[in-house]
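What follows is one structure encoded as structure tokens, with my remarks underneath.
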Amino acid sequence: MNTLLTLKPLLALLPPLGLPLILSSCRSPNVREAWTFGAALTMFAVIASMLPAVWAGQCLEFTLVQVLPEVSIAFRVDALGLLFALVSSSLWIVTSLYSVGYMRGLNEHSQTRYYSFFALSLAAAAGVAFSANLLTLYLFYEMLSFATYPLVTHHQDQEARSSGRKYLLYILGASIGLVLPAMLIVFHLSGTLDFTAGGILAGKAGTGQVTVLLVMLIFGFAKAAVMPLHSWLPAAMVAPTPVSALLHAVAVVKVGVFSVLRVITGIFGTGLLAELNLGTMVAAIAAVTIVAASLIALSQDGLKRRLAFSTIGQLSYIVLGAALLSPSGLTGAMLHIAMHAFGKITLFFCAGAIFVATGKKYISEMKGIGWRMPLTMGAFFIGALSVIGLPPCGGFISKWHLVLGTLEADQIVFLWVILFSSLLNAAYFLPIVYQAFFCHPEESLFERQVQEAPRWCIVPPLFTAAVSVILFFHPQPFLHLARMATRHILGGF
Amino acid sequence: MIWQLEFIILLLVVVCAFAALKVRDLLGAAVLFSIYSFLMCLLWAIMGAVDVAFTEASVGAGVSTVFFVAAVFRTTRRSRD
Amino acid sequence: MKRLGLLAVILFGALLVYGTTDFPDWGDPSSPAATHLSPYYIQHSLHDTAVPNIVTAVLADYRGYDTMFETAVIFTAGLACLFLLRVFITPKETEASGLYRHRATGITLRIGQGGRLPLGTREFERIDSQWVPYDLIIRTACSLVLPFIQLFALYVVAHGHHSPGGGFQGGVIFGAALILFAISHNLRTTLKAMPEKRTNILTGTGVLIYVGTGVLCLLLGGQFLDYAALAGLLGVDPVMARSHGILIVEIGVAIAVMAVMVSLYYNLASAGHMDEGL
Amino acid sequence: MSAHYPIFLVVAPLMAALVIAIIARERPGLCPPLAAIALTASLWSAAGMLCRVLAEGPFSYHIGNWPPPMGIAYEVDHLNALVLVAMAAVALINLITTRQAVASDFTGREGYFYALYLLFCAGTFGILVTGDAFNLYVLLEITSISGYALVGLGHRDAALASLNYVFMGTIGASLYLLGVGYLYLITGTLNMADIFSILPRLFGSKVVVAAFVIAMTGLFMKMALFPLHGWLPNAYSEAASPVRSLIAPLTTKTMIYVMVRLGLYVFPPDFTFNHLLFAKVVVWVAAAGIVCASVLALSQTSLRRMLAYVLIAEVGYMVGGFWLGNRMAITGAILHIVNDAAMTLCVFLAVGSFTHQLRDDRFATLKGCFRRMPWTMVVLATAGLSMIGVPPTCGFFSKWYLIGGALTADHWGLVAALIFSSLVNAVLFFRVFEIAYYEPFADPHQEHRPALSYAEAPATMLAPMLFTAAGLVGLGLLTGRIVTHIIDAAIPAAIL
Amino acid sequence: MTTAGYINLIIAKYNYWIYIVLMCIGLWAMIAKRNLIKKIIGMNILQTAIILFYVSIATKKGATLPILGHHDAGHFVDYATVINPLPHVLMLTAIVVSVATLGVALALAMKIYNRYDTLEEDEIHARVRES
């Protein structure tokens, strides 16, 4: 893989930093939102423009500044990073659309702040995607934590405060308490922090050290919500729905798992982990999270909370896939970042649309809602299928690869875990759809036949649902990128 | 120099230091401190540090004491320890 | 706290004793302190600076920079007291409340708020609220002694090259003379003789003379405080220039120290009101 | 001119102080510009010296044209040139920023304030540049006395805090003086380089050991290392805000510089780190200090008291890092002198802005400050993130070196303490941000929320504050260059 | 070391022992005394003790004052016959510093008295707590 020095990775981060423009136009909402769209589209365009080069097997690099004699703040765009950046930047456009509908629909306060920090969060997510070393990744990871705080606590009431506390406590506590020392120890042992295909720790650290570091890093990136550091995620559901949708189904949590993926592949190296048989340990941790989170999700009545626990489980699929250390497992993990993102964001959009249209938050109140909001619930159904991993949705592709991965790695236990949890997924999603369409509404709220949410709230879920379906038939860009990344990591298969 | 004399002065210095800290009347403490300074100045003169002794005589035994007295005059003479 | 303090003191004392056991014997002429640096001063200072008093030579020339900051320290102290204590609310001249004494009879009057003395009268003299009857003997004796003390102070400054003493001692003695005047008479009278404004200006000026000399040396092409550079200006050879330079800075020190001592006394004795004191 | 930079650095503020003291009552309006000019001159000289050191290497200035050790020499090398630039910049920025606050806090005595301010700065610069152990003491005292006076005229209990500071400071300085006396007794010289060359012959002497322990203890007292920190919280919280933001960045950091100077260039590093158990004990004391100070900081109810304890913890960072005795850790300690000065300035300027605009800095009054004083909060947030250690602010990078050094030395106690303190700092600052982020919650019985007025500081205060905040990020990004070009050269090659 | 050795040690350095005693007295007063003026006196004792130490370093047995006559000019002075002048110089500075500190400390004590009406530390702390 040849490298190419270019400014593009940096350019990709800049559009969201058009904050002053957003701030300066705080008095006219239309202009402000135009800027947001402009930023989102520019960012997507810049990222997409890097696709051909990466596709051709090139690696775009840019060193911003040499902050330490040995470590710099540097960007590198490879297949994995680009895959993630593509997902998050494309979904930003959709979410911006949705935000306009949602925020205006509910007449929320401080919208300028909302859009500003939203943009900042996206910049941070792209930064994480393009980080060339652990320090840069840590920098943007922390930036994301701070930038999302005002979004999570947007309502600025008592509940938001306590949830915000929990959010920061987990995220920041884990990153300062675990990632920072782990990063320093890695640097101390290996003298570098650059992500390299074979890992940088091989031959430089003992088994005990590697185990401790692995545990510190897996749990340290608490955004990946591996149990027991997961409970910030349901708490963070106090945020406005677009925030939950983008950040808690896409940017924040995916940044967490992306970081875990990066660390496993770039710092430890799959070879080292396989050699020390540590992959199984991580996979076991992930498996416990998958099953436990799915079981908890069954018992949740709040729609967003149920989605949150579902997310926790789905994230651990990705960790599990990476921990299998097999080609298909890795491919599946990477694909799942994309597939789950499109599926889950659809579900969140629908939840938000329901809230905007009816003010309902709880599943038990949603009997018969399908007759009132057929489009929304239709999208919801497709999203649910994708997350469960049934055809004809994108989720099937990634799960298929994960299952293949377990077989390749000869870890049949995890195959059962995946299948069992898919059943559980179906068990907590399908009843919602069933109730929505086949139960009679209990309340008189649903008297009128069809009353959907505002247009801007309904178009985005339909779009993402459609994309989910399309991804089943044409998974190409993502599948190809994931395959390339896997080949790069494992050295060809 | 007669070392016995020097030794007595040394002891007196210690005694004065103690006494200055022990008396309950702050004005008395100031005066005792002045004596302490003056003995110290003698001691230095004996050791050949005439310039230092001169300075201590004018500063330690002289002006410092006046400052102490002025401060005590403006505050209180009472002390509980 | 007390016990902890005692423990700390004992520990500290033990450390000192520990160090002291390795000291060279007291008065040993071959100790390192006596053989490394000081022989240079003893053997060269007279030749270098033409000042027989080695202490003065080292103080004002070799280590003149220390002394400059020593003066700055005392200046800082004066300024600090002024800053901390001075009360900048001056009672109006027409406000006459306070104690007055009739000069001729010695009768003391108290004039309350809003009361007024016949303007322009010289028969009454304002006295301190905590007024102690003046002792004639002390007053007269101090008045008699004062000029001699001041003369002695000047001598100490001027003769610092040849005998113990110098700017600092002379300045303190001069200041002490003024303080004696203030104690034997009263603060108000002293303030008339030596107003606060003048002490402030003198303080700064004294240190400025020192620093200015240093800067002058620098401007004349030497290093800072290199009095030899003053040779051309003073019209003497570099060695004598050092001697004269020392005298100049000693005068500066004396002025500054004198003014600071008086200013410190003013502030402490009057608690910053600059009206009446000890 | 450039040959005289070292002296110009100190004499410019000194002369300006004298002139200001003379004209203080008559022309108070002239004082601030004069002070600003003097400090600009100092900053200029400091920068000039740094450039010269980078170009030509260390140089010295012989005052009175007496070669050391007979006379006093100013030694400029990489170490003090770096610290000098930082300190001069801090002093100047603070002077410019706090002008309005000075006018309101010290009405009628601005002139004297500026004179003392400049004396304080002159003393600090002198300490940083001097090569003579006794001269350092004199300069230390001029700094301390002006500091006592400045602190003494602050909030309600300022005089008490200041007198306490006088006592602790005097003990500290006296111990240092005694240590210097011991060194003089055994070496016969006061010049630092001279002592350094003589000492290796005397390693066995108990006098050297005693001198070392006494002088270092004195410095620990002056820098408020944990068990000897008693004076700091009160002195810093009672001082008026312009004084606080001057003294907090300069005092402790200067003392740490002196410690580094003594440990590396007066006592041979071999003696400092290996010859005694002292170094190991101090590292543990520093680690304990970091933990205790952080815990104490949690229980404070006003911003400035909280910060005072954070500062004590930061002292622990630098002391711990230095005494680990390996290159990386010492790099961290020196880097942190600069970074901490900048961070402390930034954070206390923000506090000063609160006290100036809201008349208070207790947590309760900070409610809704993100809306009321958004820019000040941006400054505070940047400084807070730096103190927590979030990249790319400078606090992260010095912490990077400190923790890295502790790992190199296998000193897990200090690693744990540093991480713990970062976590506590995160809690501390987020508590503040949270308070400032949420406006007072609406009373259910009231219809309207109490409206909070916009109370941002004037632009003349804000601009230098924002500049400082930007400087924190700038310093962070420049870390690599500072370390390779300056700090590497500042640490003796013998230290690995 | 023999008893005679100890006695010798004590006699040979008695000045140094006295300075240690004075120093400890000063330090103890600063820590344990509650009256502020007493503390200030303790501070001055501490400082003079250090001056005594320095002056003790300077002495040489049988040497003369560090003031030369003009007749000394031009010929070599045996340094063993003249007392070491350097510590004297240093201590002149130290005395000045101590009186400067004293001035500031007394000024602060007066401010404290004006505010709390007492100079006893425990009473002051009680008042601070009250307010």
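We call the chains A, B, C, D and E, going by the order they appear; numbering starts again at 1 in every chain.
Going forward, a residue touches a chain if its C-beta (ideal position, glycine included) is under 8 Å from a C-beta of that chain, and two chains touch if they have at least 3 such contacts.
All figures in this text were calculated on a predicted structure; none of them were measured in a lab.
Colleague: Can you list every chain in contact with both chain C and chain D?
Modeller: For chain C paired with chain D, the chains in contact with each are E, in label order.
Colleague: Average the C-alpha coordinates of each chain, average all protein C-alpha coordinates together, and give the chain whose average is closest to the overall one.
Modeller: Answer by centroid distance: D.
Colleague: Write down the chain pair with more C-beta contact pairs when B-E is set against A-D.
Modeller: Answer to which pair has more contacts is B-E.
Colleague: Starting from the mean Cα coordinates of chain B and chain D, work out the distance between those two points in Å.
Modeller: Between these chains, centre-to-centre, one finds 37 Å.
Colleague: At what distance in angstrom does the C-alpha mean of chain D lie from that of chain A?
Modeller: Comparing mean C-alpha positions, chain D is 43 Å from chain A.
Colleague: Where the CA atoms of chain C average out and where those of chain E average out, how many Å apart are those spots?
Modeller: Between these chains, centre-to-centre, one finds 20 Å.
Colleague: Per the centroid of Cα atoms for each chain, what is the distance between chain A and chain E, given in Å?
Modeller: 70
Colleague: By residue number and range, which residues of chain E touch two or more other chains?
Modeller: 14-15, 23, 27, 56-59, 63, 66-67, 86-88, 90, 92-93, 96-97, 99-101, 103-104, 106-111
Colleague: Where does chain D touch two or more other chains at once, residue-wise?
Modeller: 134, 138, 141, 145, 148-149, 152, 159, 184-185, 190
Colleague: If you look at chain A, which of its residues touch at least two other chains?
Modeller: Residues: none.
Colleague: Which chains are in touch, pair by pair?
Modeller: A-D, B-C, B-E, C-D, C-E, D-E
Colleague: Given the complex with chain E, which residues does chain D contribute to the contact?
Modeller: Residue positions touching the partner: 134, 137-138, 141, 145, 148-149, 152, 156-157, 159-160, 162-163, 166-167, 170-171, 174, 177-178, 181, 184-185, 190.
Colleague: Touching residues of chain E toward chain C in the complex: what are they?
Modeller: For this pair, the touching residues of chain E are 9, 12-17, 20, 23-24, 27-28, 31-32, 56-63, 66-70, 72-74, 76-77, 79-80, 82, 84-90, 92-93, 96-97, 99-101, 103-104, 106-108, 110-111, 114.
Colleague: Within the complex, which stretch of chain B touches chain C?
Modeller: Those in contact with chain C are residues 50-51, 53-55, 58-59, 62-63, 66-67, 69-71, 73-74.
Colleague: Which residues of chain E touch chain B once you look at their complex with the stated criterion?
Modeller: 14-15, 18, 21-22, 25-26, 29, 33-35, 37-38, 41-42, 44-45, 48, 51-52, 55-56, 58-59, 63-67, 83, 87-88, 91-92, 95-96, 99, 102-103, 106, 109-110, 113, 118-120
Colleague: Which residues, counting only chain D, touch chain C once they are in their complex?
Modeller: Contacts found on chain D: 4, 7, 11, 14-15, 18-19, 21-22, 24-25, 61-66, 69-72, 108-109, 112-113, 115-116, 119, 122-123, 126, 132, 134-135, 138-139, 141-142, 145-146, 148-150, 152-153, 159, 182, 184-190, 198, 205-207, 209-211, 213-214.
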